[in-house]
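By letter and in written order, the chains are A, B, C, D, E and F; residue numbering begins at 1 in each of them.
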Amino acid sequence: MNNNPDMPTALDLPPVSPMPEGMAGYFDKCVEKLGMVPNVLRAYAFDSDKFDAFSAMYNDLMLADSALTKLEREMIAVAVSSVNRCYYCLVSHGAAVRALSGDPELGERLAMNYRTAKLDTRQRAMLDFAVKMTEQSYRIEEADRETLRKAGFDDRAIWDMAAVAGFFNMTNRMASATDMRPNPEYHGQAR
Amino acid sequence: MNNNPDMPTALDLPPVSPMPEGMAGYFDKCVEKLGMVPNVLRAYAFDSDKFDAFSAMYNDLMLADSALTKLEREMIAVAVSSVNRCYYCLVSHGAAVRALSGDPELGERLAMNYRTAKLDTRQRAMLDFAVKMTEQSYRIEEADRETLRKAGFDDRAIWDMAAVAGFFNMTNRMASATDMRPNPEYHGQAR
Amino acid sequence: MNNNPDMPTALDLPPVSPMPEGMAGYFDKCVEKLGMVPNVLRAYAFDSDKFDAFSAMYNDLMLADSALTKLEREMIAVAVSSVNRCYYCLVSHGAAVRALSGDPELGERLAMNYRTAKLDTRQRAMLDFAVKMTEQSYRIEEADRETLRKAGFDDRAIWDMAAVAGFFNMTNRMASATDMRPNPEYHGQAR
Amino acid sequence: MNNNPDMPTALDLPPVSPMPEGMAGYFDKCVEKLGMVPNVLRAYAFDSDKFDAFSAMYNDLMLADSALTKLEREMIAVAVSSVNRCYYCLVSHGAAVRALSGDPELGERLAMNYRTAKLDTRQRAMLDFAVKMTEQSYRIEEADRETLRKAGFDDRAIWDMAAVAGFFNMTNRMASATDMRPNPEYHGQAR
Amino acid sequence: MNNNPDMPTALDLPPVSPMPEGMAGYFDKCVEKLGMVPNVLRAYAFDSDKFDAFSAMYNDLMLADSALTKLEREMIAVAVSSVNRCYYCLVSHGAAVRALSGDPELGERLAMNYRTAKLDTRQRAMLDFAVKMTEQSYRIEEADRETLRKAGFDDRAIWDMAAVAGFFNMTNRMASATDMRPNPEYHGQAR
Amino acid sequence: MNNNPDMPTALDLPPVSPMPEGMAGYFDKCVEKLGMVPNVLRAYAFDSDKFDAFSAMYNDLMLADSALTKLEREMIAVAVSSVNRCYYCLVSHGAAVRALSGDPELGERLAMNYRTAKLDTRQRAMLDFAVKMTEQSYRIEEADRETLRKAGFDDRAIWDMAAVAGFFNMTNRMASATDMRPNPEYHGQAR
């Protein structure tokens, strides 16, 4: 076991060395924008192809154009991570919800029990769908998609919602499987 | 709802047109190798960036070098999909297990209840971990990783195992959320 | 443990010897009609009274006159066995659904997740009831029976439906408890 | 709905008329021995073949020779019915455990939570197996059967145990599905 | 372990000695009214402050003025204890329901599966709420409180209902955690 | 519904007026020590007896002498509240863990998934017991108490642990049932 708290996970997987230019540049940009390199990126740095594939998918899902705002995508991330009780993602994406919303309490409510948050009908439908996908995806049927359409989402928005909820069901499990350790900076952010 | 059975999902998301060269080439290669374009690829074809990100991650996980054989990665895919009761992935990856193993019954056992399959200790430990990640990832602790190490997996193999199990927890949910429809060709393959 | 794959279960219970005439005749009829003796019958052959009681109940439930067609009774068998993840019954009754319906995909959908199958209202109500009986029978109330009546079932049909669903909740558990092994012939049938 | 509390279930299925001689004789014997006709028998009386099949299987399982005593078979019945929260079977077989054991508290403990009963290792292993079969039969493996063998059960006893546990998983569900109503006489028996 | 069946729990916690006057008087009153000292009180007798706090809360909840009758509060106690499978509380409060209602069967139905009891709309809504609080309190929302208001409960009655249901979720767990042993007198009462 | 965010719950239950001297004094002491009156106390202020019973039990459990430190009792509170996803208690007792431990991350880990916290054997055994009491108290047996004794707890400490875990299973449910609203001051405390 990797007990060194400075390492991003419990697995002994040192970063590729020397670090490829693209990865190094990405890390520099993180430091510039966020003041740190999120540990999930450090965790993937042992393999260049895996790093590229993960960051490409992440950036497309969370930052590219979408009918869902960036805040809404982070809200899905936190509601899904709450069901899965993923410490890494609750800490890092909880901070993102607090920062993007300017509403620290919203981040806490989504991390602990999204049903207690005051949400409009559209956002509530979005999170209900993401949580159903997380808890029992095999029970999703056309009626669930119709509920989303009635709440104002078109089919492209439904895809994006499902893709974000699906993605965090992957990363939550990666984080728990490897004991991924959130950067301590997140804890105090936007409280 | 998209009721047209020829469409890859229940969402109305037609492919980008004209199809970018890279995607078209990829589709051609699929037809050449598999005799068809798997519907999961057709489902992502509405957006070039999403298509590229998905196929890059898929190919790295399932086809790149790893301490896990291709068959073992497919076995994880099927065991995870069985927990999530994902029709698309059980059909398509069930066929892959039958074909790669030359053991049709193995594919059926993994799809229905992997505990009934005759597996050696190493593969059983691998599937137990993948299924625990799927059912209750938040209960994974160092003891679970130690069990894998004792079964002969190094930390890189553990990463790969977790990554495949995580990935199918994403795609199972995308498939259920969008009613993804498996190509009919899979049903009769390698029976 | 009985590791001999030719034995019908993991229990060491050889058939009564000499085989009683009735049982022997029954086995002959199976070979004539099905080309084999289903292993569930071989499993019960260690005791003549148990064999007779089981086959009498099975034949009455699955073959006698009923408002439910034989295919519908097999559909219930598969949907129930899917919840219970019973390998023996999914293999043997999955084959029966494929054969009786002439629709191989229907068998697969019921075995993996009946919610993805295209069913008319009547058959969907029937399987919803059978699955509720399987998952949480203690929550069934008059409203559930009323739903069936509105879907066109009379009280006798409701009894038959409940009896078939109940029966497979018994046999699924017998099969799992004894590691009952399906005849290999089933795998390729009606694909 | 059949609201008449004198009817054995909520289904409107009157007994065959005239009652066949065998059934009538069976009812007479019940009255003679038990002072009543158990409602489960009245429930099956609408169809002679079903009545015969059910009573043949019941009598073989609960009364024929076995390595399990009659009390032990009733103990399994109650522990299984407790998991399934089946009112009919808890009332009727709870009374049987109280009567056969001469220990009213034992009946209550098994009906409410068998883990609180003082049981020897053998009977505890037996009920643990029956309850695992009820809660998650798909997780039973050879190790579970080995535990029973170490507790002193041979393979025939394991079969009998599984058969009784399986049977009550059927009848519990039939009782809940049809709102089967226990004879009021049971309540005060052997308190 | 405290194996002495005369002791109120498995913990070795003898009563304060000499017994404080208040506690002694309370015990006398129990003997006078109930013919015994309920073991839950004997269990708390090792500490005077804990005894006082527990009995003050118990008496306020179960005996003080409320829009809920004493029987209704006992009905909640039993329905909650049934979900938690708490032997002590099912035995003691089951007896209370039988005695207060004069309907022995009602006590049995609530202990085994309250959904099978014939209840009016108001009492059914009350028990549905108490059971939802017990099974998944985090899913309770304003709609659940509105259902109660429509069934005729004002906000004070809702508080009382929640308080009783909450209290038994505490005491059920205390009883199971300490192996609390019900006084044998309860078993035969009001049958 | 009481939508006024200044009210302590969704129930319309104004405080007794005039406020009894004892309650008023208690509130003054809260303001003096904590800078606020915790909303759970304001919630109980509608009835003097209920207020007194609740605060007596709370103070005895959380503040009186015990083999468990005050921090350990708060740790139990948070681990239990996490299972029950109780927003009120996670916010208020999460703040207490952060403050008493001087380790903000500990509070977050317990609120999100206590299995990820670095705990010594004794504290881990304590939280495992509290969480088992919360998730499935009916499965607690003597072996669980023996595990605690081996971890260094005597029977009085086991009682205290069970009592705190039981208590939060009550208050979590009261908070969810009434939509109890945590004072906003907690959010920024001891981050």
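Some notes on this structure:
Heads up, the rule we're going with is that a contact is a pair of C-beta atoms (placed from the backbone, for glycine too) under 8 Å apart; a residue touches a chain by one contact, two chains touch by 3 or more.
Quick caveat: nothing in here was measured; it's all calculated off a predicted structure.
Think of each touching pair as a link: the shortest run of links from chain C to chain D has 1 of them.
Seen from the Cα centre of chain E, the chain whose own Cα centre is farthest off is B. When every chain is reduced to the mean of its CA atoms, the largest separation from chain A belongs to D. For this pair, chain A with chain E, the centres built from the Cα atoms lie 44 Å apart. For the pair chain A and chain F, the distance between mean C-alpha positions equals 30 Å. If you average the CA atoms of chain C and of chain F, the two centres end up 51 Å from each other. Multi-chain contact residues of chain C, defined as those touching 2 or more other chains: 85-86, 113, 138, 141, 179.
Chain pairs that touch one another, listed by label: A-B, A-C, A-E, A-F, B-C, B-D, B-F, C-D, C-E, D-E, D-F, E-F. Chain contact summary for the complex, chain F toward chain D: residues 138-139, 141.
By the touch criterion given at the top, residues 82, 85-87, 90-91, 104-105, 108-109, 111-113, 116, 179, 184, 187-188, 191 of chain D touch chain E in their complex. Across the interface of their complex, chain C is touched by residues 113, 115 of chain E.
Touching chain A in their complex are the following residues of chain B: 1, 10-13, 46, 49-50, 52-54, 56-57, 60, 64, 84-86, 129, 133-134, 137-138, 140-142, 145-146, 155-156, 158-159, 162-163, 165-167, 169-174, 176-179.
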